[in-house]
Amino acid sequence: MARDRGIEVRGLVREFRKGPKAVDGIDIRVQPGEIYGFLGPNGAGKSTTVLMLTTLLPPTSGTAIVAGYDVVKEGPQVRASIGAALQEAALDPFLTGREHMTLQAALHGLARKERKTRGDELLERVGLEEAADRRVRGYSGGMKRRLDLALSLVHRPEILFLDEPTTGLDPQSRSALWNEVSRLARDEGVTVFLTTQYLEEADVLADRVGIIDRGKIAAEGTPEELKAEIGRPSVEATPSSREERDRVAKVLSRFGEEIAAQPGAVAVRLDHGAGDLADVVRALDAENLKVTNLRIEEPTLDDVFLEKTGRSLEGAGDEKGETGMEESQG
Amino acid sequence: MGGFFSVAWAVAARQVYKYFANPAFLAPAFFPIFFFVAFAGGLTRVGDVPGFDYAAGYIAFQFVWALLQAVAMGGAFTGFSIAGDFENGFARRLMLAASDRRGIILGYTLASLVRATMTGTLVTVVALIAGMPIIGGFDFFGLIGLAILVNVAATLFGAGIAMLLRTQQAGPVIRTPIFLVLFLAPVFVPLNLLSGWIEILARFNPFTTILGAARGFLAGTPVGVLPAYSIGLGLVVLFALWALYGLRRAEKTGG
Amino acid sequence: MNSSLLVQILSLARRSTLRTLRQPAVMVSALVFPMMFYTINAYGLDAATKIPGFPADSYKDFAFAFPLVQASLFGAITAGSDLARDIESGFFDRLSLTPMRPSALLLGMLAGVVALGLIQGVIFLIMGLLFGVDIKSGFPGMLVLILLTVLVSLGFGGIGAMLALRTGSVEAVESAFPLFFVSIFMSSINLPRDLIEADWFRIVATANPISYLVEGLRSLVITGWDAQALALGFGCALAIVVLSLAGASSFLRTRVAR
């Protein structure tokens, strides 16, 4: 299959009437057949970007070419080339899975006979053939996401947008969805643009990762490249007794900056990389400190995020302090 | 009994505080005022029908119904609040803190009375603006007394259902019977002008007696006062027991 | 209308009808509440027939327009909040990503409204006849009665769609319900306009288009064939349909503009 049309974004901006720019001049290039992971905390601008790329929200400025078409000027062509599973599993609780498939297929203009075969084929592929005639109201979160994915594939799109496809799913459903997404890219050459707030997801699934924070791209590259950029692993030591924790911390602080660790343990990012490990052991020994556990850890995407934005990814989106309004009832 | 009253006071104070934080607490007055405007404004000529002999006129005739509806719906809305408190878990905190849990019911009832005073006043002001006369003078207090009984009975009825169901689903279960009782009564014309099945239902409806006495008070010609007050008090006692039953059930299931 | 647009409309109409039929609570309240109000009023206000100049022998004939109009309103609010819910849930976005014509969405939803209005109209007519409502215009009049009811449903449905597309909020659509409900009562629904004594009420009722819908429907029941009442009734209904659909399609265009 000749697929040579990925995604090309230049200087994309989206302003909302109140508040800062949700997306603030980003450039992205996604190669055909690639899985691109768009990583960032809540409110970083991921969903706004996806809405613009899928023609659901007009950009304030900048250009975006999706599958060779301009999202502003050639909306219908873009929509014909893409499939999208958006954040809310947007399903009708009173329709069955199969009825959703039929409706979607009809709206995509599939012939009557093909509507059924294509629907059945996709329901089977996402493992919903048994639940197909039940109403969506009774589906679990994982089933809804799988149906959502199947719906977005009805018209055989060449580019697939998945906005936080596994948020709120249990680990099993999550890995089932990962398998299907990588299969699509590998076997069918579908280009996947995936947003996530999970580091692991980007790490496992994406060929390349873009990190977005406060509407700007903070870093981009393969997960390996990004981690290598930071380069320095960390070491974590668990003192044999609680009283010695402070002393262990003091020794370790000679080798680098202290970072978050497991309860009761001490961790630092090694200033000079893994080569420091032997010195760490010797220094602890010289102070007569016993440790029950000593681990060296390679940098994670969270470290990359921390390095690039000065904040940790986990919880970075909570800064805004969204306060739930108290429910008012009569 | 110190626990009982201090619990009641605390619950009532919180509810009343919530009212002032949100003007939606006047919502129970919306439909009564609207029905009052629609019926008293649009149906005036019905007062001319032969046999319609109510001294205070059609506006006053409709006002009494609207007032009792407003205080009854005020009670129903208190039931919604209780159901909401159970659903969001606040009630569990109350159940834990209260030394005498019957005080919770009294607390909600007191708060409901405060609310009914507001909504009732609102309806009365609208009626006075619309030109309603108060012929009965001092007898008006008899009407107020009946309104209080209706509000308390409706509140206790709603509280019982709210504590039995403990979800917002209690809403329609509380509202529908109250609505039916209000409407299956001589709403538009006095009982003697009703006919057919609605006349039979209205005769059996205890609210009819209360409504009739209340209208009498406003016109200065009290009728059936003793039966009306007896029925009102009887309903209060009955629904107080009902609310206590609901409370016991809620306690058993762990709130 | 080409075939793909037709397929789209039919698919969406099927969906909106299915979801309504699968919510028995919605169906029941759309049928029971109007009927309940009707019977309470029909008997409770029967004494009104004794007012000199009252145009009907029986109040239940006079009031028969009420359940038809109220049920249309219920249907419209249901359809409007369904559409708003689709917008809130993202279902609308999903549909917008297909090559579906935006107008198919609106027409599909309205087809569902018409289907519901038709079902309600027929059921109410049968129940009314069982109650002993005497329709002076006879069987052809019943057909016209249903036709006008469906047209009223369509008009109200258009207003519901307008609200949904403009606000995109279920809450906003549902909170408009009391307003509509009020406007039904502020019309000649309970008494003919010339028997409304309060001047301000008569002025409001005369300005209220719902009065003419009611009077058109009512004329078929209590008068027979009243050309003026029917012309006003159909004229008003058509005007509401045209205006609300124009409004709805303009809001739809704004919503899908890209």
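As written, the chain order gives the labels A, B and C, with residue 1 at the start of each chain.
The working rule: a residue touches a chain if its C-beta (ideal position, glycine included) is under 8 Å from a C-beta of that chain, and two chains touch if they have at least 3 such contacts.
Quick caveat, the model's predicted, so the values are computed rather than measured.
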Any chain in contact with subunit A as well as subunit B: C
Centroid-based (C-alpha) most distant chain relative to subunit C: A
Innermost chain by mean C-alpha position: C
Mean-CA-position distance for subunit B and subunit A (Å): 55
Rounded Å distance, subunit B centre to subunit C centre (Cα mean): 32
Chain centre separation (subunit A, subunit C; CA means) in Å: 47
Overlap residues in subunit A, where contacts from two or more other chains coincide: none
Residues of subunit B engaged with two or more neighbouring chains: none
Subunit A residues within the subunit C interface of the complex: 54-58, 71-72, 75-76, 79-80, 82-84, 86-88, 90-92, 94-95, 99, 102-104, 106-109, 135, 151, 155
Subunit A-facing residues of subunit C, complex: 4, 7-8, 11-12, 15, 18-19, 22-23, 86, 89-100, 104, 257-258
Residues of subunit B that touch subunit C when the two form their complex: 30-31, 34-35, 37-39, 41-46, 48-52, 183-184, 186-189, 193-199
Of subunit C, residues touching subunit B in the complex: 39-41, 43-48, 50-51, 178, 182, 185-186, 190-191, 195-198, 200-201, 205
